[in-house]
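You will see two complexes here that share chain A, one where it goes with chain B and one where it goes with chain C.
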Partner chain A sequence: MIIIGERINGMFKDIGQAVREMDPKPLQEWAIKQQEAGATYLDINTGPNTDDQVTAMKWMVQVVQEVSDLPLCLDSTNYDAIEASLELCKKPAMINSCPADRPKIERVFPMAVKHNAKIIGLTMDAKGIPKNADNRIALAMELVAAADEFGLPMEDLYIDPLILPVNVAQDHAPEVMEAIRQTKLLSNPAPKTVLGLSNVSQKSPDRPLINRTYLAMVMACGLDAIIADANDDDLMATAATGEILLNQSVYCDSYIKVFKSR
Partner chain B sequence: MIIIGERINGMFKDIGQAVREMDPKPLQEWAIKQQEAGATYLDINTGPNTDDQVTAMKWMVQVVQEVSDLPLCLDSTNYDAIEASLELCKKPAMINSCPADRPKIERVFPMAVKHNAKIIGLTMDAKGIPKNADNRIALAMELVAAADEFGLPMEDLYIDPLILPVNVAQDHAPEVMEAIRQTKLLSNPAPKTVLGLSNVSQKSPDRPLINRTYLAMVMACGLDAIIADANDDDLMATAATGEILLNQSVYCDSYIKVFKSR
Partner chain C sequence: MAFAVVKERYSSKVNEVVLGATSEKGGTRSHVLKVGGQTTLPYLHFEGEVPNKPIIAMEVTDVEPNWPAPLKEMFKDVYNEPVDWAKKCVAEYNADVIYVVLNGADPDGANKSPEECTETVKAILKAVDVPIIVKGCGDEEKDNEVLTKIAEECAGENLMIANAEQENYKSLAAACMVHKHTLIALSPLDINICKQLNILVNEMGLPLDRIVIDPMIGGLGYGIEYAYSIMERVRMGALQGDKMLSMPMVCTVGYEAWRAKEAYADGEEFQSWGEQSFRGPLWEAMTATTLIQAGADILLMRHPHAVKLVQKNIAELMESNKY
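So, the complex of A and B:
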């Protein structure tokens, strides 16, 4: 399971303030904390209240790379900011994200190929997020076709079938499970799959319980990666246990420790 | 999710002693405790050290039914004990269990039909437990055919693909998940599926973590029932959350409380 640590995001108050004041300390602390907890990528998102997204994201990438050697997941709808930041990334990055929308595909896929980056491809288009698995898969197929067209290796495409909060869109949760299963059948080799996990539990009372239960369920469906809270110890223990139960890593009594120190 | 409370079993020291001394109190206390925790069936197992299994099981059934109106799961390899106990059950019981072995099928299926009981059918035969999903499914199909032959309603057949401890037979865990998925395709209506959940974690350090993670994973594969520790609150919360995320019960903020008081 690939764990993309979600915490370096301007939507969080401490990071938002740090980005505005160009104070590297909070970003660097979270980079180290997430890496120590077992994150395999660090998400980098300037947040909404930044005048100059290009400058902000480039600065974030630089200060985070001063303290962590993890690859980065550049999270923005501003593709100029992503493109400028790709130049600075020391390791192949992930672009978060590209919908199944032709103008955006034409903007994102070539820059990913140029920089050897991976793409998180969203199963949504200008009309929004489909309600069922079948329509999500139709959009996933457009992203798979785009990977072929632009020469992105299929294993560098991460399909995100977009989970919604279970307390407002409960019927989406099983449809997303089915979409994950079917995505693995779209091509050979198959694209990878990813979810922004924390979204499933928004505004529910016991968010960590819902997050980790859904994680185990989508792992059983073949999920490869999550954008999530790497510092939720119970969540990481669930991810480690899921890998053991899928026979993806070898059992030993201290398997959680092994998982976190990969 | 059907929760078959595992605790009234002579393998546990307090119950073993109570059965030998014919002291109803420990059985009745566990019956009430499991029912209050949300169990939907109570497993009844005399344990190995009982001279007269028939008398012991009949006594257990009687004293448990004095305090609980839950249906019972008669758990024994002694079919005389099960048959005698079926006569006493106030609600349709479950027979735990029958392997895919012809002489045992011929003994168990007719008594189940006569008493309107359900059967837990094991995917094992005289040669033992198969290693992979395909061979488990071949044995499940023999049990499905037996249900047809003897007139057991298909929804009263619970296929148990038999999970082994992950620390000694790790490769079985994903094979059991696949067997659960495929069992649901064997007939229409499909047989139900059940697991003796606690077995997956035997002799591992953090048993509850492994149990509840595997529960969420097998729920995503379509599992209908578990024989498990109904008094493990975290496990029951996982079962409740799994039902919500499968859209099998309607979300409300207090869904765990609703699940336990069904």
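So, the complex of A and C:
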């Protein structure tokens, strides 16, 4: 399971302030903390209150790479910021994200191919997020076709079927699970799948419980990656245990520890 | 239409482990040997790198062993002289490494002292210039005394020392770390214990590239398929990025092959199986070549004829099949 640590995001107060003041310390602390907890990618998001997204993201990429050698997940709707940052990434990065929307596909896929980057492809278009699995799959298919068209290796495409908060859109959880299963059948080799896991528990009282329960369920459907709180120890233990029970990694008594120090 | 070769791309590789140390690194060997480093399954040169050939370590015991006739016949002139025995293996049979088994330390046998055992190892180190693997007698308490003493006295030589086991690894791991040796971690045909033991040894501070896996094997006809499947799984783990299974593997080929009835049995009733002096070595060679296919990196062997056959097999396997 690929763990994309979600914490370096301007939506969080400390990071937002650090980005505005160009203070590298909070970013670097969270980079190290997430890496030690088991993150395999670090999400980088400037947050909404930044005037110059390009400069801000480039700066974030630089300061994070000073302390961590993890690959980065460049999280923005500003593709100029992502493109400028791709130049700076020491390891092949992940672009977060591109919807199944033709103008955006034409903007994002070529730059991913050029920089050997992976893409998180969202199963939504200009009309929004579909209500059921079938419509999610139709959009996933457009992204798969785009990967083929632009020459992106299929295993570098991460389909995100978009989970919504369970307290307002309960009927989406099983539809997303079905979408993950079917995405794996779209091509051979199959595209990867990813979820912004924490979204499932937005504004619910016991968020970690909902997150880790849903993680176990979607892992069984074939999920490859999550954008999540890497410092939630129970969540990481659930991911490690899921890998063992799916026979994806070899059991040993210290398997959780090994998972975190991959 | 052009034919496209389907190639698997693995995310990781087998650790490269060094045997022995030259004077620059604090040892006295004329050369070092490397094992591991593969980026693909055994001998798929067309798909990845197989940078090091498997090596053969020939077994020498410090006291006269009770071995079957074909082995006794080959070594009768040196049977009681481990130093001469080691020399003979290197000079006459081109052994890559000498595998010294200190059966004489056994408290129920000759009960040799740690000092006596150390002298034997030092004498062999002086007599031959190839790297050396040292194994204890199998009595945990005694081995901890004997092997830590040897590790200390031969500091810097980068011996390969056997065996660390799940219930007894601390003294040996510490000795290898402090005195710069490599450790063989033995697990009883159990991949889960194998991985756990590597973690435990590594947590003691011994780097991963100073650990070698002994997965325990069965000889041909005696459970070799169990060993084979575990070794395959270990190797797949290594190539898929499981750091705790990324070590090269060592196999006790001679020991297991010569425990097989087909190798050791002599006498009238077994004549239909063919000459023992022929079928015994063949049994050992077949055990070795089978395990090489499963990823064995170091073969601990006994009979010179078997060694010769396996050397030939290795040379053939190391020829490139790139296309």
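Following the convention adopted for this analysis, the second predicted complex is superposed on the first by the 262 of 262 C-alpha atoms of A that agree within 3 Å, B and C clash if a C-alpha of one lies under 4 Å from a C-alpha of the other, contacts with A are read in each partner's own complex, and residues count from 1 in each chain.
Rule of thumb we're sticking to: a contact is a pair of C-beta atoms (placed from the backbone, for glycine too) under 8 Å apart; a residue touches a chain by one contact, two chains touch by 3 or more.
Everything quoted here is computed from the prediction, not taken from an experiment.
Peer 1: For the three-chain model obtained by superposing on chain A, do chain B and chain C clash or fit?
Peer 2: fit
Peer 1: Could you look at A:Lys257 and tell me whether it touches chain B, chain C, both or neither (first, second, both, neither)?
Peer 2: second
Peer 1: Residues of chain A touched: more by chain B or chain C?
Peer 2: Of chain B and chain C, B contacts more residues of chain A.
Peer 1: Under the stated touch criterion, which partner chain does A:Tyr214 make contact with: chain B (first), chain C (second), both, or neither?
Peer 2: So A:Tyr214 only meets chain B here.
Peer 1: Can you pull out the angle centred on chain A between the C-alpha centres of chain B and chain C, to the nearest 10°?
Peer 2: 70
Peer 1: First (chain B), second (chain C), both or neither: which does A:Ala173 touch?
Peer 2: It touches chain B, and chain C stays clear.
Peer 1: After lining up the shared chain so the two structures overlap, which partner does A:Ser204 touch, if you call chain B first and chain C second: first, second, both or neither?
Peer 2: first
Peer 1: How many Å separate the nearest C-alpha atoms of chain B and chain C in the overlaid structures?
Peer 2: It is 8 Å, taken between the nearest C-alpha atoms.
Peer 1: Quick check on the output: what are the common chain A residues between the chain B footprint and the chain C footprint?
Peer 2: After superposing on chain A, chain A residues 250-251, 253 contact both chain B and chain C.
Peer 1: Touching residues of chain C toward chain A in the complex: what are they?
Peer 2: Within the complex, chain C touches chain A at residues 191-193, 195-196, 199-200, 233, 237, 241-245.
Peer 1: Sort out for me which residues of chain B touch chain A in the complex.
Peer 2: Those in contact with chain A are residues 166-167, 170-171, 173-174, 177, 200, 204-206, 209-210, 213-221, 237-238, 241-242, 244-247, 250-251, 253, 256.
Peer 1: Quick one: which bits of chain A touch chain C in the complex? Just the residue numbers, please.
Peer 2: Touching chain C: residues 249-254, 257-258, 262 of chain A.
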